[in-house]
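In the two assemblies presented below, chain A is common to both, partnered first by chain B and then by chain C.
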Partner chain A sequence: MLSIKGLSVAFRTRNGEVNAVKGIDFELAKGERLGIVGESGSGKSVTSYALMRILDAGGRIKAGDAIYSGVDLRNASERDMRDIRGREISMIFQNPRAALNPIRKVGHQIEDVLRRHSRATRHNAKAKAIEALEAVKIRDAAARYEAYPFELSGGMCQRVVIALALACDPKLIIADEPTTGLDITTQKAVMDLVDDLVRARGMSSILITHDLGLASQYCDRIVVMKDGLIVEAGDPVALFTNPQHAYTRKLVNATPRRTGSIRALLPEGERTELPPHVIGQKPLIDVVNLAKTYQGKSGPVHAVKKISFTIHEGESVGLVGESGCGKSTTSSMLVRLLDTTSGSIFYRGEDIASLPAATFAKHPLRSKIQMVFQDATDSLNPRFTARQAIADPLLRLMGMRGDAVTKRTEELAEMTGFPAHLLDRFPHQLSGGQKARVGIARALATEPDFLILDEPTAALDVSIQALVLNLLADLRVRLGISYLFVSHDLNVVRLLCDHVIVMQNGAIVESGPVATVMETPQHPYTSELLSAAPQAPEREMA
Partner chain B sequence: MAVRGTSVLTRIAQAIPVLFGVIVISFVLTRALPGDPAVQFAGIMATPETIEETRAKLGLDKPLPEQFVVYLGQLFQGDLGQSVSTGRPVLTELASRLPASLELTLSALVLSCLVAVPLGVLAATRPGSWIDQICRLLVTMGVSLPTFFTGVMLIYIFYYLLGIAPSPLGRLDFIYLDPPHVTGFFLIDAALVGDWETWFGALKQLILPAITLALFTLAPIARMTRAAMLSALSSDYIRTARAAGLGSGRILYGYAFRNALLPVVTTLGMVFSFVLGANVLVEKVFAWPGIGSYAVEALIVSDYAAVQGFVLAMAFLFVFLNLVIDLAYSLIDPRFGTSGK
Partner chain C sequence: MNKIVSSATDAASVNSAQANAPATPAKPKSGAFAHLVYVLRENPVTGLAFGMFALLIFAAIFGPMIVPYDPLATDAASVLQPPSFAHWFGTDNLGRDVFSRVVVATRLDLVISVAAVALSFVIGSFLGAIAGYRGGWTDITLNRVLDTIMAFPLFVLAMGVVAALGNSVANIIYATAIINIPFYARLVRAEVNIRRNAGFTLAAKLSGNSDARILAFHIFPNALPPMMVQVSLNLGWAILNAAGLSFIGLGVRPPTPEWGIMVAEGANFIVSGEWWLALFPGLSLMIAVLTFNLMGDGLRDIVDPRRRT
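For the complex of A and B:
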């Protein structure tokens, strides 16, 4: 059905031509579900844009052939391509909210596509659009037809994008990271939906993802890409159990799963002994009946409802839940960036809940409670070099000056594995993993004994995530600090934490030692979270 | 719709303190201006006694707060005071001059939009092409040539050399009679009574100053259209539309352009308010009886009532303009009503 031979894609840039895809071959049979897996920069998305001929300006297919059902996609006229797009081959994109026109009703956007491909006339377009919305299991589709994208949740927007893509019954659907940014249960719902539709309509599909676990669950065959080349191809189980290429092995190792230690994420040669960390008897943070209520338009919104938990000295606690469950509100209150409504936060017995967040920066405890933020890029000042970013808290909170700052900055860089020769670079000159290290070094600068990690690896590739998680595991032993690890992914939390708290709708639904919660979840919501996470096939070696 | 109604009312309510602030500031500032109006209006031959007499007549001998209360009282009765230099009530003067300025500014803006918006769109769809270069050239010319220079140049070419344009003396040649006053816009008033000869006469007078002003306002609008279109065209939803096979016309106008309109409308509002106050030079060059030249003349002779009237009229206009822009926003962007409060 689709046959790709020696496909190369190049982009013109200021520094000359860059080859994003360097000659790849693959075939796709009718009804087959193919996964293209790779990390950022591997050329997996570019491949799909090249097939659709929707490369950004400056990009072009340099060599090779792409034949779809006898049509040469590389040399087809733009007019023919427009007929193929949407009707023969469709795409689902990541970041569904941005993928929809923000100022056009979603129903009208679907109508545009239907009418473009003569699947509807002016008179029945609305009925057909509603039908398309119903096909993706949107409840109350007639009302949703009138909605604008900003009025819908992320998961709902993705359903609309899917409805848009499937409206004209294409034969092939390309899903480009369709679940990035969605909650884990929404991810499962969306992926199940696409999979059901693909099977029911006998379509072929290409799933582009960085998540090997996800691909293995929804694909018949997987190709692994790295730096514009296909390094390995095969069926998912074979890839997982017996990866041939070193890069595939690295990816397979780095994919978090339900068992295995944190060191198992690393490539085999780099697994050092994990030093044990000691959990003290004394509580470091004691949260009692903590609550936060916002004044919403339609009455008060209880973001956090009287939750209580304890974090001991040296202990790592995971806080798990979906977006809107109150985990970010809780962590903001703990780090004293947000005022509480009621309840207490005891730090070594001292209640800090009533201290106003606005002036906490001047409080001596500011340096003891620090945070590592979710987006390593956005949380760094783009005008600060890595050195300035790390030194900033030293200057402001520790009152250090002169050589002491330089010495301590370099010490922190060394501690977090940040290369010293990159210290004078700006954030845009650093990779994602390096920026994450700067964020951690900055948080550690003031020698805190409590660190809040707000999804610190969410934006990172799995192999980088593996390194950062291991770094965090080493640092807590070396510095004897406690973590509150906020995440939506139990499989990641499990690796680092001793204790886990599951939150839903502002309340704690379950908490306990990680192993207990993972193996015998008591609350149905915990089980749902666990089953929603993509299950990678087990490796043969332990 | 009900939501939109309330939001309009809220906007109007928010304007009240702004307008009061403008009244206070314009009052204080005109009093703080150098120069003594009593001396000015008593004449060159005045003795200290006649100066004092004029001062009392103008009400300037009273303490400032009292003057302000008197001024406020008059204002609420719709009395903006008498212009001391022309001897006519400020309100009638503004009523005849404001439409002249508005007619000029609006025609200039319409003209400028007709050129700048398509130019910006074309430049954005073909970045780096010759049309992009022309756009850049025109934009640079527009901002770098001062209006009095382009005005005089146009008069020199079209009036003096070619003789196509009428003499640059006001809104209508003396051979025509002013159309009956309905809106104060000569083009509209003449069209209303079907007097097409006068209509053409007014149009001929309007063209050169409008082009002068349009050249000046071209730059920000074209630039903003180009930038907004570029960012809209590189957004994710355009990629979705392309991947769905939509035609290029639909993508360009139905999807990208409507999204790009938001910043363009904002710029338009800014340019409008800016030009309305700043077209004094054009009015002077073309002897256009607008409020800009009126205000400058009043300022020079410390004609308090006229200056205050002008500032107040401008303030009202700006508030009204902002309201119109907000409404345009909520028409273009459905998100505006909810997130913008």
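For the complex of A and C:
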């Protein structure tokens, strides 16, 4: 149905032409579900944009053919392409909120597509739009028809985007990272929905993702891309059990799963012995009846409801839950960026919950409790070089000046594996993994003994995630610090943590040693989280 | 003000360097300078704008030294002469050389506009940054005050200020600054507001920065790129405003050469055919405003580190 031969895509940039896709071939049969897997910069998204002919300015298809059911997509007129988009090939975009017009009712947006492709008239458009919303299992579709995107949750928005994409019964659907930014249980619901619809309607699909586990679960065949080239193709089980290319092996290894040690994420040659970390007897952080209540429009919102837990010296604790469960509020209170409503936080026996967050910056304990933020890009000032970012806490909290700062900054860079020659670069000149390292180096600058890790690897590629997680595991041993690892992914938390706390709706529903919680979850919510994580086929026992 | 002038002279030297060696590819140069060259090369309009700005600065600094006639010297023998080789832009009703007057006026007009813009930039940034960072009542109060200022016809407000404070160059500057403050304050407020809960702001708090320090050194610099566009547009408006005040008789007094007064005085003679009296100062005014408006994008690209690769 779709045949791609020698497709190359190039972009004009300030430093000359950059080839994003360098001659790839693949075919897609009717009803086939293809997965394109690769890390950022591999050219996987660009390939799909090239098929839809929606490349950014400066991008062009340099060579090769893309034939869809006899239509040459490369040379088709813009007019023909407009007919093909939506009716023949449709796309589900990465960020559902950005893909929807924020000031138009979602029902009207679906009507627009239907009417553009003459699938509906003025009279029956509304009924058909509601039908489309019902098809994606939106409850109370008639009421949702009137909703604006901002009134819907992320998962609901993605359902609307899927309804839009499927409204005109396309033959091929391209899903570009459709579940990034969604919770793990929502991810499962959305992927199951797309999969059911694709199968029921006999469509072909292309799933573009960085997650090999996800692709293996929802695709018949997987194409692995790296640097604009296809390095390997095959069916998912074969890819997992017997990866041929070194890069595929690396990806397979780096995919977190239910079992295996943190070192197993790394390529075989780089697995050193993981030194054990020592958990002390004394509690470092003792949280007692911690609560946070916001004043909402319709009464008080209880974001965190009297939770209590203890973190011992040197211990790593995972805090797991979906967005809105209160885990971010909890970590903000622990790091003293947010005032508490009630309850206590004891740091080595001293209650810090009563100290106002606004003045904690000057408190002597500021340097002892630090945090690594979720989005490394957002947490680095675009106008500060890596060196300035790492040096900032040294200047402000440690009172260091001059050469001492330079020396310590370089020491921290070395410790976190950040290349010293990149220290004078701005964040936008660094890769995601490098930015994550700068964030970690900055948090460690003041020699804290309690570090909150707020999904530090959420925005990273799996192979980079593997490196960062291992770096964190090594640093813990080397510096003897305690972590509170906040995440929505139990498979990742399990790798680094000794103890895990599961939160739902502001309360702790389960907590215990990682192995116990993973193997014999007591609470149904924990089981749901566990089953929602994509199950990668087991790799061959080496 | 000094900063703006020095960056303009930098720009001028870059331009001439480019003109001298257009064919040879740029050698890898370090940081800021290479970036400047790149910005000017990428967009020829920016290069042109900076070139014209350099010319204006040159006229402002050296104008009084290079003009052929004393701009204030009257000459009863040659009154209302059309443009000729001796008097490029002709002479006015008192026999003064229009070319000399137009060139000499550059300094006064630039000083008024740059000083007014600098003043409104500083005050507006300060107010807007605090309102955007604190939010709440501070924000609401400031916004209502700014709304009140903007609700007046701005030129009428400026007229009122000058009329109340008295006719002097300093008062024109204050009046122009006051009517421009809301634009800066609102822009900075919006730019600061979207960053006050950004990850890097929280990280700065964890690094032990005080609120004032975070605002001044972490958040505010990120608002500079859009500010630069505003600055260049405002420079144009400020010149027009100053000229407009002079035109209606407020502000600079005759016989001081100033574009607005010259247009006002020359306007009377257009009907009798002596068009050059008003045309040339008017053209200078237009070119100056155009220059500032064209410069905006280039200035933004220069101060934005993300444009460097």
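Points to keep in mind about this one:
The definition used in the following text is that the second predicted complex is superposed on the first by the 541 of 542 C-alpha atoms of A that agree within 3 Å, B and C clash if a C-alpha of one lies under 4 Å from a C-alpha of the other, contacts with A are read in each partner's own complex, and residues count from 1 in each chain.
As a working rule, contacts are C-beta pairs under 8 Å (C-beta built on N, C-alpha and C of every residue); 3 or more make two chains touch, one makes a residue touch a chain.
Computed from a predicted model, the values in this text were never measured in an experiment.
With both structures placed on the common chain, the touch criterion links A:Lys30 to neither chain B nor chain C. Of the two partner chains, neither chain B nor chain C is touched by A:Arg478.
By the touch criterion defined above, A:His428 lies against chain C but remains apart from chain B after alignment on the C-alpha atoms of chain A. In the superposed model, A:Arg366 lies in contact with chain C only, and not with chain B. Once the two complexes are laid over each other on the shared chain, residue contacts for A:Pro393 go to chain C alone; chain B is not touched. Overlaid on A, the two complexes show chain B and chain C touching no common residue of chain A.
On the side of chain A, the complex with chain C involves touching residues 14-15, 335, 337, 358, 361-362, 366-367, 370-371, 373-375, 378-384, 389, 392-393, 396-397, 426, 428-429, 439, 442-443, 445-446. Listing the residues of chain A that touch chain B in their complex gives 52, 54, 56-57, 81-87, 90-91, 93, 95, 98-104, 112-113, 116-117, 148, 150, 161, 164-165. Those residues of chain B that touch chain A in the shared complex are 127, 234-237, 239-247, 250, 254-255, 258-259, 332-335, 338-339. Within the complex formed with chain A, the residues of chain C that make contact are 38, 42, 198-200, 202-211, 213, 218, 221-222, 305-306, 308-309.
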